[in-house]
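The same chain A turns up in both complexes below, where it pairs with chain B and then with chain C.
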Partner chain A sequence: MQSIGGPIGKWLLTIVYGREMDIETVKERAGPREFSAKDDMPEEYRKAATRMIQFHANSEIMGAYLERPFIRQAPSLERKLAFSAKTQDELGHGQLLYRAAESLGIKTRDEMLDELANGEGKFLNCFHYPMESWVETPMIAFFVDGAAMRRQATLKNTSWEPYAHAMDKVCFEEGFHVKHGEAILHELMTGSKKEQEMTQEAFEKWWPRIIQFFGPTDKQSTHHGFASEVGLKQMSNDELRRAFLNSYVPKAEKYGLEIPDTPRITKNDDGTYEVNEDDLDWDEFFQIAKNEYEPGVGQIDGRKKAQEAVAWVRESMDKHEQGIYGGGESPQAAD
Partner chain B sequence: MAAAKQLPGPQDLSDDEREALEALLFSLADDEFVIAERYTEWQVRAPTIESDISVANIAQDELGHARLYYDLLEDFGYEEPDLIWERDASEWRHSTLCELPFDEGDWADYVVRSFLFDEAEYIRLQALEGSSYPRLADRIEKILAEETYHREHARSWLERLCEDDESRARMQDAVDRLMPHALTLFAPTDEDIEARIDDLGIRTENLLTMREEWLDEVVPRLESVGLHVEEAQLPEQYDVHHADFDLPDELGRDQSHTDAWFDLYDEFTKSYRELGRHEAAKIMKDPDDE
Partner chain C sequence: MIWEVFRQKKAGDYHTHCGNVHAPDRDMALLFAEVQHGRRMPTNSLWVVPKDEIGEVDTEDVAFGGTTDKSYRWAMTYNFEAAAEEVAASESEQSEAEQQRRSVVEGDD
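For the complex of A and B:
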């Protein structure tokens, strides 16, 4: 079966089966960018892919929501410009990802945005913690974005082609974001003693959360098995976390940050790092995963309130479009 | 006025010339910086992802323009902290239109504010294209190109949000509240200095003429979408129609500001103060090398 590829192969499969692909075929064929809207994917696949992409899209929006106060608080004009542009990029990534998720035919963008507003939509653990000070910005813009880059780079090979395609643009822009975060970190760690101390303190607060970015260990992850089997997920949580540590522990040290004592991190003989996962607060993590962590609920509700306050504009735009297009689907979104 | 002779470079200006240029550049730069500060407040809060991306674009354009004007002030020996971060809030010269706060979700405020601002900006830039100060004239073309897009964006939103009664009512509230402050875009920093700006040919139209031109543009446009402008007597009395407008107590240009400005200033200087900074990081190429 694997030898059948390309459009003719897909056409032949349709002739042979005439209905949605069965799971075994999906697993056999699962490879980089293998499936697209042309394929009649089984619901189980479409649901799993939707869950993953929706989570990713939500995370872009909530990450932007978390960082938005620092457009105002940036301590230089050019940093302000960069922060505004970064936040804008993230909204653009959200837009792209919701489109990739929509292409699976399970949920519309509006449904996904509604779920995000009413607290059902899930997103990255780090974006549930509010940020109070400028010294926290590189914790997101360097470490969390750097961690995200790790994962996103592997997703260029995910089996859902529209998702992989979105990753091309996302990874390209994220590269700039990480550089922006790194420059802020460098500036703080070569700044006054006070700045260095404040940054170290922020690092200690964020470090465990950043390690948890990659989710629970593989044995605790419920969705991992299927998503890997059908080629949606390319690397396991443990592999990604280890790769992140190998590259970011030395980077943190290079900028003069001290790695906190907990969670305990050991260096293997081959120079790679291993984290003692029992030292991490998984209760808090799973509380966050259910959208029940108090500060995170504040973030979700704050965004919801802002979105409800402009509902009148969306309604007015709907009326406008109905007026022009006679009630049918509008061909383009207003900006 | 068109025949005014070219002014020399920044180092060779007389004190009077430099004073006139500084007043103009601070008005321009502060307007752009402060209105962008209010625009960015919409980021991740705009009605749709698409409008969110647009408002971010426009805010960045305005910040970019502010950067170009502040850079011209740096020619006179100032550095960014002198111009922004450590400059006393009571010395800023932006119009009060730029600083006013808005209620959560009041997208009508954004649309009306940007409409009034962008139309004024367009007229003001045209009067600077032929400036006798070459360092300024050189930068206007790029700015004008971006402002043309802003104007189209604002006009299209204006029309769209005036189609139904409910949102038109919100738009009317915004016009009532913002119009008096928008007039301060054409208020003088100081009568003598404004006259000098005109005499030196730094600007090719004076404030009153530009205000007339702006009113002739914005008032009919607002009325055509069913909005009413208080005390505008159109169309018969074009030449006197602005005479009765009441200006707010705070004009901005003369360094008087509303309370909201001082709060905004505290917010955007917060990190700079908390970190005990004395300089502002530059991460882009110098505008002269772009």
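For the complex of A and C:
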């Protein structure tokens, strides 16, 4: 559909597909799982949903690449098995989400994967930072996955039905990831003094990035308004960050991690936590958001190389598919 | 030809298989599905799919989930109190799925 542009194209589309829903109707109807591929959604909605789901899909893929080296570096057979299962899950989540994004008719999966390879595809800030040591793994596998799960649980009620359906399966699987991450954290924090110190160091390095996971404050967030008005997004960045802190600060403290002094975090009278946003490095965050942060570029290129290395697999599968369904004939059972 | 029918109860739900119909083409299949499967059961939408287009693999062919111990894939294996309600929800879904798997394997379902 993308190739048909201009007023004539729009007119043609109207003839072929009927009238698209206007934005006001979308906002009025926007409830959980309200819209699917058979609804003629306005382009503004389809673009916003594509941006959001593509970002999510890219993040699953980049997260898997970040953790992949630790299949090899795992200290025990159990950890090796769990890490390979988890990495496999994350890549699967990426595929599910590309399908959900594709169903909006804006971009194909191939286009999105190419965008990720050439540095246009955006993804979560935390996955732009390389991970060097085993003690860093719970920072992703417990805290970042925990933060992601908080967000994903709310997205079960997103208005784009295919996205919500993808979240059902993602959330089902994700509980294992977070608890496995917690098991590693527990193991390290009850290990030798050296292990505990190294884990604390890793925590201090990752903590501000983890806080920034939920993005800028609502005031600075450019896309929040529309996405929440049309029911794509269910909770604001600030609400999600607060909910995350309320669950995970006590957990961190329970395992003996010291919460770093910056960013300043205050405890309210009702026991909830608040973070001082000005203490965070937003220049770095927005540099990352543009895919211009140097270590992150390395992550993107690393994945691109891996994708190129297995191009022959995709090509042979495409050829095979052409052999079966190609040649202008429709699939057998359509007669 | 035969068309398999999938019914969705209400918007946002999954389409689940509910039966099949004989019909010479897709439009007739939809009409028959409507009459046979959409009249009394709560229905928001129906899908029809040519039977020949459906691929199947079952327990005769494979052991779903494998034959080795894969407990490392389950949240319940990691014996900690869930960090947040969504983690607990995921764990109870997994626990339910595992129990159902077990009862099917052991034949008391």
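Here, the second predicted complex is superposed on the first by the 307 of 335 C-alpha atoms of A that agree within 3 Å, B and C clash if a C-alpha of one lies under 4 Å from a C-alpha of the other, contacts with A are read in each partner's own complex, and residues count from 1 in each chain.
Everything below uses one rule, namely that a contact is a pair of C-beta atoms (placed from the backbone, for glycine too) under 8 Å apart; a residue touches a chain by one contact, two chains touch by 3 or more.
Note that this is a predicted model, so its numbers are computed, not measured.
Colleague: Putting chain B and chain C on the same copy of chain A, do they fit or clash?
Modeller: Superposition result for chain B and chain C: fit.
Colleague: First (chain B), second (chain C), both or neither: which does A:Y248 touch?
Modeller: The second partner, chain C, only.
Colleague: Does chain B (first) or chain C (second) touch A:Q200, or do both, or does neither?
Modeller: neither
Colleague: Under the stated touch criterion, which partner chain does A:S236 make contact with: chain B (first), chain C (second), both, or neither?
Modeller: A:S236 sits against neither chain B nor chain C.
Colleague: Does chain B (first) or chain C (second) touch A:I61, or do both, or does neither?
Modeller: Only chain B is touched by A:I61; chain C is not.
Colleague: Would you check which partner chain A:E78 touches, where first means chain B only, second means chain C only, and both and neither mean what they say?
Modeller: both
Colleague: Of the two partner chains, chain B (first) and chain C (second), which one does A:V178 touch, if any: first, second, both, or neither?
Modeller: second
Colleague: Of the two partners chain B and chain C, indicate the one touching more residues belonging to chain A.
Modeller: B
Colleague: Which holds for A:P32: it touches chain B only (first), chain C only (second), both, or neither?
Modeller: second
Colleague: Classify the contacts of A:S228 with the two partner chains as first (chain B alone), second (chain C alone), both, or neither.
Modeller: After superposing on A, A:S228 lies clear of both chain B and chain C.
Colleague: Per the contact definition in the header, classify A:H320: touching chain B only (first), chain C only (second), both, or neither.
Modeller: A:H320: touches chain B, not chain C.
Colleague: Once the two complexes are aligned on their shared chain, state how close chain B comes to chain C by Cα atoms, in whole Å.
Modeller: 5
Colleague: Counting contacts the way the document defines them, which residues of chain A are shared by the two interfaces, the one with chain B and the one with chain C?
Modeller: In the superposed arrangement, which is not itself an observed complex, chain A uses residues 78, 81-82, 85, 183, 333-334 for both chain B and chain C.
Colleague: Which of the residues in chain A come into contact with chain B in the complex?
Modeller: Listed in rising order, the residues are 61, 64-65, 68, 70-82, 84-85, 87-88, 91-92, 94-95, 98, 133-135, 183, 187, 191-192, 194-195, 198, 303, 305-314, 316-317, 319-320, 323, 333-335.
Colleague: What part of chain C is in contact with chain A in the complex they form?
Modeller: Residues in contact with chain A: 1, 11-14, 45, 50-53, 70, 72-75, 77-78, 80, 82-91, 93-94, 97.
Colleague: Would you mind writing out the residues of chain A in touch with chain C in their complex?
Modeller: My answer: residues 32-34, 36, 38, 78, 81-82, 85, 142, 146, 149-150, 152-153, 161, 164-165, 171-176, 178-180, 182-183, 186, 243-244, 247-248, 251, 331-334.
Colleague: Which residues of chain B touch chain A in the complex?
Modeller: Checking each residue of chain B against chain A gives 33, 37, 40-41, 43-54, 56-57, 59-60, 63-64, 66-67, 70, 80, 84-85, 104-107, 160-161, 163-164, 166-167, 170, 267-268, 270-272, 274-277, 280-284.
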